[in-house]
Structure formats: C-alpha cells, structure tokens
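The chains carry the letters A, B, C, D, E and F, assigned in the order they are written, with residues numbered from 1 in each.
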Amino acid sequence: MKGIAYYKEGEHVHDFLLIKSVTRGTASNGKPFLTIILQDKTGDIESKLWGSTSEDEKNFVIGAIVLAEGDITTFRGRNQFKIKNIRLKEDQEVINKADLVMAAPLSANALDEKVTQYLFEIKNPVIQRLTRALLKKHHQAFFEYPAAVSIHHNFLSGLAYHVCCMLDMAKEVVRHYPEVNSDLLYAGILLHDMGKLKELSGVTATSYTLAGNLLGHISIMIDEIGESARELGIADREEVLLLQHMILSHHENPEWGSPKPPLFKEAEILHILDDMDAKINIMTRAIRKTRPGEFSERIFAMDNRSLYRPTFDLQEEQEIQDLSQGTEKKQN
Amino acid sequence: MKGIAYYKEGEHVHDFLLIKSVTRGTASNGKPFLTIILQDKTGDIESKLWGSTSEDEKNFVIGAIVLAEGDITTFRGRNQFKIKNIRLKEDQEVINKADLVMAAPLSANALDEKVTQYLFEIKNPVIQRLTRALLKKHHQAFFEYPAAVSIHHNFLSGLAYHVCCMLDMAKEVVRHYPEVNSDLLYAGILLHDMGKLKELSGVTATSYTLAGNLLGHISIMIDEIGESARELGIADREEVLLLQHMILSHHENPEWGSPKPPLFKEAEILHILDDMDAKINIMTRAIRKTRPGEFSERIFAMDNRSLYRPTFDLQEEQEIQDLSQGTEKKQN
Amino acid sequence: MKGIAYYKEGEHVHDFLLIKSVTRGTASNGKPFLTIILQDKTGDIESKLWGSTSEDEKNFVIGAIVLAEGDITTFRGRNQFKIKNIRLKEDQEVINKADLVMAAPLSANALDEKVTQYLFEIKNPVIQRLTRALLKKHHQAFFEYPAAVSIHHNFLSGLAYHVCCMLDMAKEVVRHYPEVNSDLLYAGILLHDMGKLKELSGVTATSYTLAGNLLGHISIMIDEIGESARELGIADREEVLLLQHMILSHHENPEWGSPKPPLFKEAEILHILDDMDAKINIMTRAIRKTRPGEFSERIFAMDNRSLYRPTFDLQEEQEIQDLSQGTEKKQN
Amino acid sequence: MKGIAYYKEGEHVHDFLLIKSVTRGTASNGKPFLTIILQDKTGDIESKLWGSTSEDEKNFVIGAIVLAEGDITTFRGRNQFKIKNIRLKEDQEVINKADLVMAAPLSANALDEKVTQYLFEIKNPVIQRLTRALLKKHHQAFFEYPAAVSIHHNFLSGLAYHVCCMLDMAKEVVRHYPEVNSDLLYAGILLHDMGKLKELSGVTATSYTLAGNLLGHISIMIDEIGESARELGIADREEVLLLQHMILSHHENPEWGSPKPPLFKEAEILHILDDMDAKINIMTRAIRKTRPGEFSERIFAMDNRSLYRPTFDLQEEQEIQDLSQGTEKKQN
Amino acid sequence: MKGIAYYKEGEHVHDFLLIKSVTRGTASNGKPFLTIILQDKTGDIESKLWGSTSEDEKNFVIGAIVLAEGDITTFRGRNQFKIKNIRLKEDQEVINKADLVMAAPLSANALDEKVTQYLFEIKNPVIQRLTRALLKKHHQAFFEYPAAVSIHHNFLSGLAYHVCCMLDMAKEVVRHYPEVNSDLLYAGILLHDMGKLKELSGVTATSYTLAGNLLGHISIMIDEIGESARELGIADREEVLLLQHMILSHHENPEWGSPKPPLFKEAEILHILDDMDAKINIMTRAIRKTRPGEFSERIFAMDNRSLYRPTFDLQEEQEIQDLSQGTEKKQN
Amino acid sequence: MKGIAYYKEGEHVHDFLLIKSVTRGTASNGKPFLTIILQDKTGDIESKLWGSTSEDEKNFVIGAIVLAEGDITTFRGRNQFKIKNIRLKEDQEVINKADLVMAAPLSANALDEKVTQYLFEIKNPVIQRLTRALLKKHHQAFFEYPAAVSIHHNFLSGLAYHVCCMLDMAKEVVRHYPEVNSDLLYAGILLHDMGKLKELSGVTATSYTLAGNLLGHISIMIDEIGESARELGIADREEVLLLQHMILSHHENPEWGSPKPPLFKEAEILHILDDMDAKINIMTRAIRKTRPGEFSERIFAMDNRSLYRPTFDLQEEQEIQDLSQGTEKKQN
C-alpha cells in the first residue's frame, strides 16, 4: 500500500481507508451529496460522494472502514479523491487497523518510560509530587491524545510525543545554561498542555468540548493544578503558583491566549521550546509533501507562508516515505 | 477642614493628614530626601521632605498620621505640597480617622444589605448556592477592599460599592431587555472582581501580591469558583462553567486580560456594565477637580484624554464638595 | 403562518412573502438565474430561481409580494429556500402587509410620544430648541427609518426604537449618577443617528446615498446642527458645539468613524449606551435563532463570535416566537 | 545679527528677541523661575530665568521684545540660552519687528496674487463660486495665519504659502496626468486647511480654540462649506459634496483624523501633495540646522527619525542662511 | 476592433486575442476544463473552456494567439467571456501583434532618450558613473519590463515609463524646493526598481523568480549596487551607501518591505514620488472602466477602496478609449 | 575586588575602573559636570562628577583607567556611584586589564576551535567554501566583537560566544529532528550576525557606523555574501541564495528588520535559536542581579517585563559571582 498522502494527480486508488469525517450537502441540482474525508496512517484526502442515498448516509459514518476505488484529481492545488466505488469493509476482510491511523513515531509505552525517567529527575519534592499526581490522574488519556485538533502533532499519542521532544531539548538547554532550573522546566513541559485532555473531546474525530470553548485548556489547567495541590496539602507553596503561572503564560502573548507573559526564565524557555517543537513538526510535515525546488502549500499556522524545499534536499520519494514511517524511531 | 483635594496653588495648609506612601531618594546635592504622599478623605497630594534625617525615615512611614504645614505649589499642572513643618500626631490630639480615609458613599453595612437583597433574587439554585458560598468565604474583605490600586473606586469599600452600582444598572437592563438572564448577570457581577481580594495585598497601602503578579485576579477566581463548586458537589453543572467563563471574559479583550471574549449575552453585558461604571467613576472624579470652561488633567485610564467641563456645569466649588461628601448617598 | 425565520431544514413552505432584493447571475451551464431574498416580519431567507426567464426578471422585483412554495435546505449552516413554484400575489388575494415587514415592537406613534416626553425633560433652552427644531424638520422619516442597513435594528422604526431604548437606559444612568447632565445626554441620544436619514436611501431596500458614501452620517449631522443653530440664531452658543462634538465622537474611535474621542462625560456615556443597546439587540436576535445548548451562527458585528445559548435558557420554540411578536411590547 | 538659530554651543549672544512663550516653575530649592522661549525670524531657543521676581513675571510676557545677553549651552542635544542679563526694549531703541518674526518667503500680497490666478483657472462655475466665496469670507486671516501650531509652516502666512506650494505642484501633476480634474484639485487645495482659521486662536502665540479641540479643522470646514453653499443656493450640487469629501478625507486615514479615506482620484492627490509639501518643509528646516556628515535632532512629525545630511551637501553656513532668507523667493 | 476591456455584458465578441495564462481544473461533474485569460492591448478577460480535450491543452498555451467567438457575461461584477468557438490563429491570417499587448504610451526608444537626458543632468561623478554603469548592464530589459506583476504599470515598458513619469515630477520638485539634491533624487529614481529585472521572470507571463521570492527586488539591488561600485573602484564612497539606502528605504515602512525608513530628504521624496505615480496610474485605469456617477470595482492596491467617478467627469466612452490609446502621448 | 555589579546601596567603593563612556552636561546652577560610566568585568555603573574642570574633561576620556573612591547610592532603583575622589591610574600601578573588561566565559581561542570544528562538519562544498571564506576575511574581528551595543552579549567576544552557544543547541536540534539540514543551519548561524562587524564601530565604546545606520547588519551581509560568492565563482548556486535569505529573514518579522520571513525550515530554526540564546543571556544576567523572592528591574529587550526570581533559587550571592566568573566555562 502506497499511502494516501503519496498519490499524485491522475493515479488510481483501490485501498482500505478510515472515514475521518462526513458532511452532508445539497448540490446545485438539488441532490444530496456527502463530503467524506478518508485517512490512512500517512495522511488524509477529501472526496465527494455525489447523489448519495440514505443508505450511504447510514453506512459511511465517522470511524467506518471502507474499500474505496477511484482517481486522484486536484482542486486549488490540493489532491481530491474522485470515488468510483465505495463500500464498507466486510467482516471477513482482515486489515491492520494501525495502518489506518496516524500515530506518533514512538509507542505509548516508550513515551511513558521516557516521561517516568524525566519525572525521576525532578528533585524539588513539591514539584515532583504535584506533577506525579496530575500525570497519574490523567494517565491513559495523556498517552493517547493528539496535541491539537488540526495544527501540530494531530495524531495518536501526539500530545505525549510533543512533550517528550520538548523534554529532550530542555535537557540540552539545562546542560548549556546551568542557571536554568530543570525541575520547573521539566514539570512545566509535562503539564503545559494537559488541559487539552478536557478541552478536546477525545482521541478520534476530535472537537472542542463546552469547557474547551468557554475556558480553554490554559484556564482548565490552572483550576486542575489548584485542585491537586489542595488534595496534596501543598496549595500554599510558591512552587504551585509558579507552575500555574508557567501554564498561564506559555502562549507568551495575550492574543495567543496567555493573559500574562512569562515572568521568570523557565516560563519563557517553556514557551520557546513549545513553539520550536510545534513549528518544526508543522514544517517537516509540509516539506515531506513538497517536491525539491518547489514551494509547499500555504501553512496557516505559520502566518500562511509557503515554504521552499531546496533542490539539493532529499531527492527520492521513497526515502521520504521510509522516513515518515520508520526513521524517526531511530532518533533515540 | 477644607480637604486636601480642594486647595489651590499659593494656599496655606495646616492639617492632620495620613501618610499613603513614602519613597527615599538622593538629591543632586547628594542629600537624602523623602517623597511622601499625604491623604485625607478628599484625595491625596505629593510632597518632598528635603534633607530628611534618619529620625524622619523612622517616623514618617506608611499609615502614620502627621500634622503638616506648608504651601501649595504646582508642578506640570499637578498640585504639590511644599512642607514647612511636619510632625507626628501626638497621642492627646484627637482626630476622626474616617476624615483621613477615602471611602465609598455607602457604608459597608448598607452595601451588605443591598448585596443580600440581590442574592435573594437569584432563582437558579446552583448559581445561588455557589455565589452565596463565595460571598460567605470572603465576607469581610469583600466589603472593605478598594476596587483597584489606583484606577477606579480606589477607596474603602470601593469594590463592594462598584458591585452595587453595577447591580442597580443591571436591574434596569433586565427590566428593558426581558430575554437577559438575571441570575447569571447578578451572579457574574457579584463575583467578577472577587479575585482582587487575593490579587491585592490589603485595604490600605495596597500593592500586588505574588499571586496577583503571576496569575492576576481573573485566573485566581477561576480556581476559586472551581474549588467552591467541588466543595458544594456541583462541579459538573453547566452553570459553574458559565460563571467561570463570565469571570474569564469580563475584560472583553486579550490585551486587557481576557483570554476569551464574552461568548454569551450575559457575559457581554457584564463587561459593558463593568466598563461603564468604572468610566463614570473615573470621569466624575476628574471633573470634580476641574473648573467649568477648562479641561481636566490627562486621565491615563481613559486613553490619556483631558475631559472638558462645560461652562454651564455646576458652578460652585462648595456644591462640588457637598456632592462628593453627601449627595451620592441620596441616590437610594 | 409560522414565519420564515422559524422553518427548519426539510420543512415545506407555502407562504406569501415580500421580495427584499434580487440579483441576476449566470450559472456554469450558461443559463441565467435569480438570487431572491424573501422576507416576512420574522426575518428573511435566500432562494435561487434557476433558469429564470425575462418574464421572471420583469415580475420579481424589489418590493413585489409573491406566493412561493418549496423546501428548506441548508448551505454552510444557513437555511436556503429551494423554490418549486413562485408567482405574484393576485389582486384578489388579501394579505396584511404588516405581516411581511419587520418592525419595531412599539408603533411609530408610541415612539413619538416617548420622544416628546423626553424632549420636555430637557431644561436648557438652547439644547431644547435645537433638538426640537431638528426633530420637527425630520419628523416623519425619524419615526420610520431603520437604524442600519443590515447590522442592528434594521427594521421599520428601528432608528426611533433604538433611540427610545437608549433614552430609558439614560434615565437610569442619570438617576444613579447625579452629576451627569441629562439635558446633554438626552439631546445627544435623540440626535446621534439622525444623519442616517440622509445617509440611507429610504425605509425599504435601503442602500447608501452618495452623501452617505462620501461623508457618512456623522459629518452630515455636524452640518445639519450648524444649519439649524444658525437658523435659530444660537450658532455661537457652547451648547451647539457640545452637541456637534457628541455626534462627532459617538463612535468613540477613529477606526469606527469618530475623528475625536468623547471629550466630556455625557459624550462618553452616549457612546456606551449606543454600543450597549446595539449589541443587546444583535445578540438577542442571534440567540432567538439558536437552540439551547448550541452556538449561534457567527455574528459579524460582534467580532465574528458565535454565541452560546445555555441549556437552561428558554426551551420552547413557541415561546420564542411569542416573544418576538408580542412580549417586547409588554416591557412598558 | 547672526540669527538665534545659528549660534553654536559656547557662543555669546547679545540681541533683541521676541518672547514666544513663558511658563512659571518652582526649582528644587523652592525658588520660582521662568522658562522663556525667545525668537527671531530665524528660529527660537529655550532659556531659564532662575530666581525670577514678580517684577520679571509682569514684564516678560508673550509678545514682549527684550534685549538679552548670555551664552549658548546645550542640553540633550538642543541649544539652550543661559541668560545673564535681560531687560525690556526701551522706547527709544528702534528695531525692525520683521526681524523677530518667522515669515513665509513670499509676502501676503504675492501669495494673494498667486491664489487669485489659480482661482481664475477654475472653470466649473459651482466650484469657482464656492471657493471664491469662502476665500472672500476669510480673506485677511487666510493670508496671515500659520499652517500649524508647531509642526510645519508654523510662521506668518505659513498657511497661504503651504497652499501656494501645493498649487504649483498640482499644476505639474495636471500637466503630466491629463485625466486629473484641475478644478477639483485646485479648489480642494485652496480650502483644505481653511478650517484652521477657526481651529487655531490666532497668528501669534497660537493655541487651539474650544471648537478646535472639540471638532477639529476638518469638521469645522464641512460645516463652513455647507453654510456657504446654502447661501449661494448651490447646496444640492454634487460638486459641493465632492469638495466636502476632499476636506474630510485629506488626512487619508482615521488615525490621522479623516473618517473617510479619499474616494476619488483628486481627493487622493490632494492628500499626497499636502503630505509631500509638509514633509519637505519639515525636512528642509531640520537639515538647515544640521552639519554635513551628521544626523539631525529627532523629528517628531517624521516618526521621530533623525535625518542624515550628506557630507557633500552644501558646506557653507553662510549659504544656508542666505538661502533661508532670500533664495526661496527666486523660485518664481 | 473594439478592445476586450470595453465590451459590456451581453455583447458578442469575435476577435483575435493572446493567451495570457491557462489553468486546468476539474468540474464538479468530473470533466476537465481550462480557465484561460485572454488579452489584447486594452486589457484582459477570464474565460472557461468547459469539457476541454487533451488537444485543447496542447494548443491553448501561454503566448498563443487565438480567434475566439462568444458572449460577455458577468460574475460578481466582473466581465467573463463565455466562449462558443475558439481556435488557433492560422499562419495565413495576418494580425498586428502590437494590438494584443498592453504597452506604455511612450515607445522604448522615446523612454531611452528621456532617461539619457536625465542621466546627463547628474553632476556628481560618483553618482553619474554608478547609475550609468547599472543602466548599461541592464539596458535592454530595463526598457522592456513591466513595473509589476499585476498592480501598477503592468504592461510592456511599464518600468521605464514609471521611471520617466517620476523623473518629470522630480524635476518640478527640484525646481520648487532648491535644497533638494537632484543628483541623488534622479539616480535614486532610475535605480529604485531595477532589482525587478531579477525579481520577475520576464516580460510576458511574468512570475517571481526564486531570488525574487527569497530576497525581493530591494535586497537584490543592494547587492547589485555593491557589485558595480566595486567594479568601478568607488565602493568606499558615501554616495554609494546613500544610493543603497535610497533603494532599501523606498517602500518607507517595514511592513511594505523596507527594513529602514528613509533617512535623508531625497530618500523620502523618492518614496513619495514612487507612491504618487503608482497610485495615479492605478486610479486612472480603474476610473477609465467606470461610468460617471458610479463607483469603480474594489482596488486591492488602494486598501480595497471603490473610487467614485463624478457625474461631470468625461462623458463619452469613445473619448475614454481614445485617451487610453493616444492622448497620453501628447503629454510631452 | 568585589566587582562593581555586586555593591549594594550605602557600601563604599575604592577600586580601579575603566571609563566606558563620558558625557558633558550643564547643571541647573550653570556649572559643568561629567556623567561617567565606569566598568569592570562584572558590569558597569553610572556616576556624576559635579563641577568638573577642563582638566577633568581632558583626563577622563573613554578607555582611561581610573582609581575611584566613593559611595553607592540608588536612583529609580538603579545603583549610582557617588564619587568622592577620582584620579587616573599612575604608570607604576599595576593592574590586570582583563579585570576591567567584560568578556565571554570562553576565550577567543577556545571559541575559534569550536567554530573550526563545526565548519568541518559542513559537507556541502558550496556552503563550506563560502562560510570558510567569510570567516577568514573577518577572522580577528569575529572573535573579538560584542554581539550588540547594549542588549545581549555586549561583552568581549560576545558575538563569537553567542554563535557557539547557538551551534551547540543546533547540534541537538539536528540530532532530534533528522530532516533538518545541518549544513545550512550551521552556516546560517556562523554568518547571521557577521554584518555587525561593519555595523558597529569596534570592540570598545561601540557605536553605529554610517553603514550601520543607513543599511543595518542584515543588508550589509547580503552584499558581503554576494561579493564572496562572486570571488569564489559560485554566485549562481542556489546555496548562496539560501544563505542570503537566512541572513535576510533571521529577525523573522518586518518590524524587527527582516523584509522577508523565513521561507524554509532551517531559516526558521536559525531565527528561533538566535532568539532563544539572546533571551536566555538577557534573562540570566538580569536574574543574577536580583535577590530571590524579588522582581528584577524592567528589561527593555523583553517587552519591558520585570522577571521574578523564585525564593528557592540559588541563595548565596557568593555562588552567583562564582558562577558568572567561572562556572560557565565548565559547561563544555
């Protein structure tokens, strides 16, 4: 299987795919149609099912696995999948579900081990206990959730993977700049996006909860830290206040959601590492889909820039796919 | 006693005053001096004590009551008090301390009654219980605190007075626009600035606490509401989320400290009433100190505008003082 | 009749409606079609008349009343009316034209009485005469015009209704804050949007006049006040200048059309009340069309926010319609 | 006489000068002092009169001519005049008052002739009559006023000189771009700043009037054009509306005071020529005071930039003075 | 031939036209179509070729000349060309290619003469040699290139025509303001957009080069001036630095591409003249296509404004066409 | 020697110090004084020499070493040095000049070795040769210059030290994100601030050159890279363009001096690492001067924030000094 992200215009597709989202519309001729986003582990693609029946609407729902056949066309520079045939996977057809879900290059277990290791390195007992308690409370979701609905690390375990990349970079920062307090920095990284577990509705077909819409993950987390600190009897410790401030300020800027800017150095560094890891993830994904010597499609989260891929960058498409499927694992 | 706010350049002062703040400096001739802000219930004034001794530094501290004599001069359009003699009040000298402290036109008891009355009008039991619990928890401070360090309602009981003015206006809004939910609006008003009880250090010589600097009154209050709701066993009710959102959004705008804009109509109206009451308070105080036909000094909290006082506005200085000391009480 | 604003997707419509606007287009198959906006007193809806004939173009013009039959579909979250049959109302068919026009909850007469009453309360003779003269000059249009083309109070007598709501709130402001000059405030409210009578083309099918485009209602009104003051021989009075300033500054901000910010307190309060009444009107209309527990469609005039309707808000659709048709009248 | 603008640090001054402004202050030793701005036709300079007596305050008022002696010092890069002796000019001392007032390089008569000539070139009778009427109404002030309080062309006849420079450039624009309507452009230039005659208090010791503060010269002029057009019976002509719009929009941008941007090409060109002439005037004056190879003092009206004077620019100080006093006259 | 820019909705076209651009798309019925922009010397128009064949894709490429027949329709206020028949021009069909290309009103030769003349007027030998060398290096392209991809002067020789209009206006500026250094100003004008010869891909079907995308014409030109100055052995002269600064700053503002604002007066004037000539060109073209008494389509480069064409402006369509084809030549 | 940065208010100083800058002023009593900034390797302090003689002005010039005695006072929260005695160091007095100059924690030699090592790791021959050539051309200055006049790394070898810290972090980035091109990233880091060698006047008493003021280090470097590439015969290689773009875009944002934002991933990462290293340097220096439990003075380069130093941060002043003098060296 080639992977839905790697087909080019004019190529023929005949693959098992997972339905990521479905919307019903009415065409200008008055007939209903379905806009279906189909995905496998390499990415997703939009398709239209014209003249859909009520049977179709009942079958093709979020999470269903289908066998789809058709051709790749393009519209405004994006691939579309022109479906000729589509049907539900039948029970006797055996597929590996992991092939249909985008996931972090590291498994939930590997990420869990890494997190545990950094937790051990936190020496300050208040920071240690608080961080440990919160990780325990949200253990399962923490290692499953994506880091965002659609922007960066939007894949299985994306949140924990994002946290682990940041922890590794933080370790280097601490090594180079010995006056940085590693306890605060590691704990801040571990907790900074934990509010997303309540802001987002779940692991698949992710949307915003009412709390997500009305409060946002930052305010949710301020409240969570306060609650845990009270449960542990450490609510009056300065460390708790500092961690709450790190969460509050980690978007740096009022317009990006932080009512206070970072007011001590570890809070500022948390913001920089968060921003750097998110941007490198976004840029790398965009460049993988771009041919050397060309500009990528516009990237909303990077101020709508198109990024250039140098002509002397990796040349072989095959390499790119290998990389996205395996190489990242070798980094450790 | 004329009131320190009403002296004009060239007039002679000989009054008991309260020290609001003291800063030590070194003059260009190398000698120390004290910058002392002196206040009575009508306002405050800056003075310099040149060539101050270590004795002076020990005596003239925040909160001390002094007998000061000297002349009024002006500097950049603001009055200054050129001290000729200053000494501590002696024990046998009897003064009424209420004459030295700016206070709301209504007493703490009167404000308490008004608040209790509005609390009764809240019908929704979740909103009622939560608001009542929080008012009870902070009862004394709530009726003593100023509403801000230096901007609006910065006087004794300023916070509760600001809340009561808003409640009265809210009652009219509800009467004119029957689709507005009065339970949410009244509760939002009662709670919106309660976080200031932890953001500010106290009733006099008010400054920001560490929690105030690192979290701010909005985030503090999100956490407080969450805590009370859990104690009352109503943490999963939508009403709690809505009240948290009202607090979160009541500054309207990220740059003014609200990470989310108001997302339901009562939240928006809370913001408008808060803004209106603060601005009318600020403008009224500035105009009281301005002569008809002239522009006021620049008002920082009103985008640095100078406001004009029409020539046909109240003419008699005496009236103005009467008004500021008594008339507001008649409004009820 | 149910009211065009209250149909849901899939429902069938067979009603008399008024044509609010018509635009001709050419479909991708090269055939002409008409985009017709149809209205009744509850709101309006877009429809397409595919393959329109020149006969259709002659019949279906702005202001025509038609009998239309078809189904409700949705496109991007907005209702559309898929017309199956449409024809002009025939002469013998009797309908109540008031059912097809959105109007203020109070009649023009009731609004006129209210305005007269407030006019009586203005004590300052210069302000009184000037305001009275301008109201007299524009009497009929003032009580018929909408307050805006499409944003707030865009219905028959919308302008006068908006003014009357503001006057009622102003009365409360004056009662609570006795230093506010009610003469200036009432007159400012009465005149603030009068320039719209020359900025907008008329009561129905409202568009901008050339003077509206090139000068705007604020500058038009500066000139009108000057003219009336000269006619009354009071052009050199400070009151005239103050009223001109109130008009000039009532949008608060250069980007919103006011070259000067409010420079005395009544001008500032005029702005706040104008803003509050417009926003409550906009929010209330959006929420009426939203189900409890859901977010409204995006509201352009509220920074493109979607507003939430709490689940414990009014539950019955019937109630909502009752309210929009009748209840507001009871407010007095 | 060298001219007060051309002295350097350390040089000795002994000249008759005119008092441009006086402010009273109190020094840190408690003694009064006067800050006096002294001027002659080449510019002005700040001086301090320490330990001033009440006699001094009575003598040294705005408009008085004094004989002052002292040295030039510098403070933060600006020259100051350290007065040693100062006294009022005595009656028998004869000086030429024109030497003490900054004035345009062209006389009021020469400017009047130029304006008359351009008025003749306006062919459209509505535009001609309206412009002629307004020039007649304000004839004397128009040829005497400065163009601004302190920014550009702040000298005698500065307004008319600014208008004439713009008219000459406009003539070239019309010659190069024949589709530009010269009637509108010339009339727009003649009227664009006429509102300043009511915005500013007068020719010397210029400050803002109440109308200037509350309405500004743009709104004042909208009203004036409307009044004149009604007097001439041409109030309903499109030309009047267009001229009002040109005045309204000539600052281009809401933040700079124009509620509407220019909406036809002559309005846009009016803005560009106004801006260009003001900037060249500001820059030329700043550069005259700067030595080749150095940067000027910061120029507030040019976004606080310091401008560089190239080393190969005019080298001789004498030349510069000649230029400022005479050469500009040769331009015609 | 009427000129493609002057057809109205409903009119029939049967003309030879040049293909300016072609994009392939897939219609909602799954069939391919071509979006072809066709031009002649009066302007361009969009057309759709539905159900295009691979033969069509091979024939209808950028630069091809075709004979097209069909009708004018409108979409969102813009004309579209509904093609009925289209074929390549046959060899025996003789047309004048100049009729199909938009060009400056002056020929390349006439522009070259004008440039040479201004070059002679530059007295400073460093500025003269540097400007002459750069003009020589890029001679042919300089007189052929458009000034922009789509904004202003986007026609054959548009760059040189823009430069010549600016030079003529500059001559007037120097005449009116004798302290302006004409050597710097003329050289700055001649060089200011020369970097576009490397930023843009060529004379027809113009797009951005990689250097254009990554560096932009301003930075490209800094490097070019440095290179030429080193070749001429004058790299250490202040004049070189000043010319580099003029290029660097001629967009005035960081957001518009200039990292430094103009820091001497000739740099500022260069910016103003550049801006003025571009805007007059843009406005004139928009107004030519607008009927008197109407507003033009929105102009992106003028902050999206619609400009008004006064009712008393040129009335005859014929005149407008004459003007655009011939009259501009008469300006010299 | 304690180090001038570590004295507290009231302490007595008697040390050899280096004059960093001198400005002459005139006191309000008319007498001249000198404002002298004195430094040693720990920092600098402002002092006033009242009633200075012409002898003083001749002796106390930038770069002179003096023996100064006096007391530490404070003004607006900053230390000042109240000089009682000051004289030039005499020839026979032996001091270690390194004690008077702030320097990077690594020697120029150590930095050179590190740079050489990274240069070896660049594999792409075009990038290698270009970077090597530019480093060779500026070898000495590159290892001596500060990184900025007053913001970050403003000490001896500050530029090279800043580059080396960034290179070490870049190595980690490349290790964690294998798709990042290390050749581009290392070369971009090595060259990004090299233009400062021409923007700044020198190693001590650093100010801006004319090229610095008119072009800035970014544009200077674009030209330098172009020149070197032409000398090496590689001017047409894409790598050169990419490196020029990295320099051009490394401030990210037009307002911060980059006319283009980063348009490929290594350019973006260069910006992030530059920003992170500068900020950590700035924050660390500010926190070293702040006591645990207090806020630092406002930091202009961090949006004027005051940073908090947690109470549980390093407690011993001695430790801090040790750290600033030695520990950083241990990091490698």
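Descriptive notes on the structure:
As a convention for this text, a residue touches a chain if its C-beta (ideal position, glycine included) is under 8 Å from a C-beta of that chain, and two chains touch if they have at least 3 such contacts.
Everything numeric here is computed off the predicted structure, so don't read it as measured data.
Common neighbours of chain A and chain F under the contact definition above: B, E. Looking at chain C and chain F, the chains that touch each of them are A, B, D, E. Although chain A and chain E carry the same sequence, what matters here is overlap: shared residue numbers make up under half of all numbers found at their interface. Centre-to-centre, using mean CA coordinates, chain E is 46 Å away from chain F. Residue numbers of chain C whose C-beta contacts span two or more other chains: 210, 213-214, 238, 242, 263, 295, 308.
Listed by label, the pairs of touching chains are A-B, A-C, A-E, A-F, B-C, B-D, B-F, C-D, C-E, D-E, D-F, E-F.
Residues of chain C touching chain D in their complex: 210-211, 213-216, 218-219, 222-223, 226-227, 230, 238, 241-242, 244-245, 248, 254-255, 257-260, 263. Residues 124, 165, 168-169, 172-173, 175-181, 184, 238-239, 242, 261-265, 268-269, 272, 275-276, 279-280, 283-284, 287-288, 295, 302-303, 305-314, 323, 327-328, 330-331 of chain A are the ones that touch chain F when the two sit in their complex. Residues of chain C touching chain E in their complex: 25-26, 28, 30, 210, 213-214. The touching residues of chain D, when paired with chain F in their complex, are 27-28, 48, 50, 73-75, 80, 82, 295, 308.
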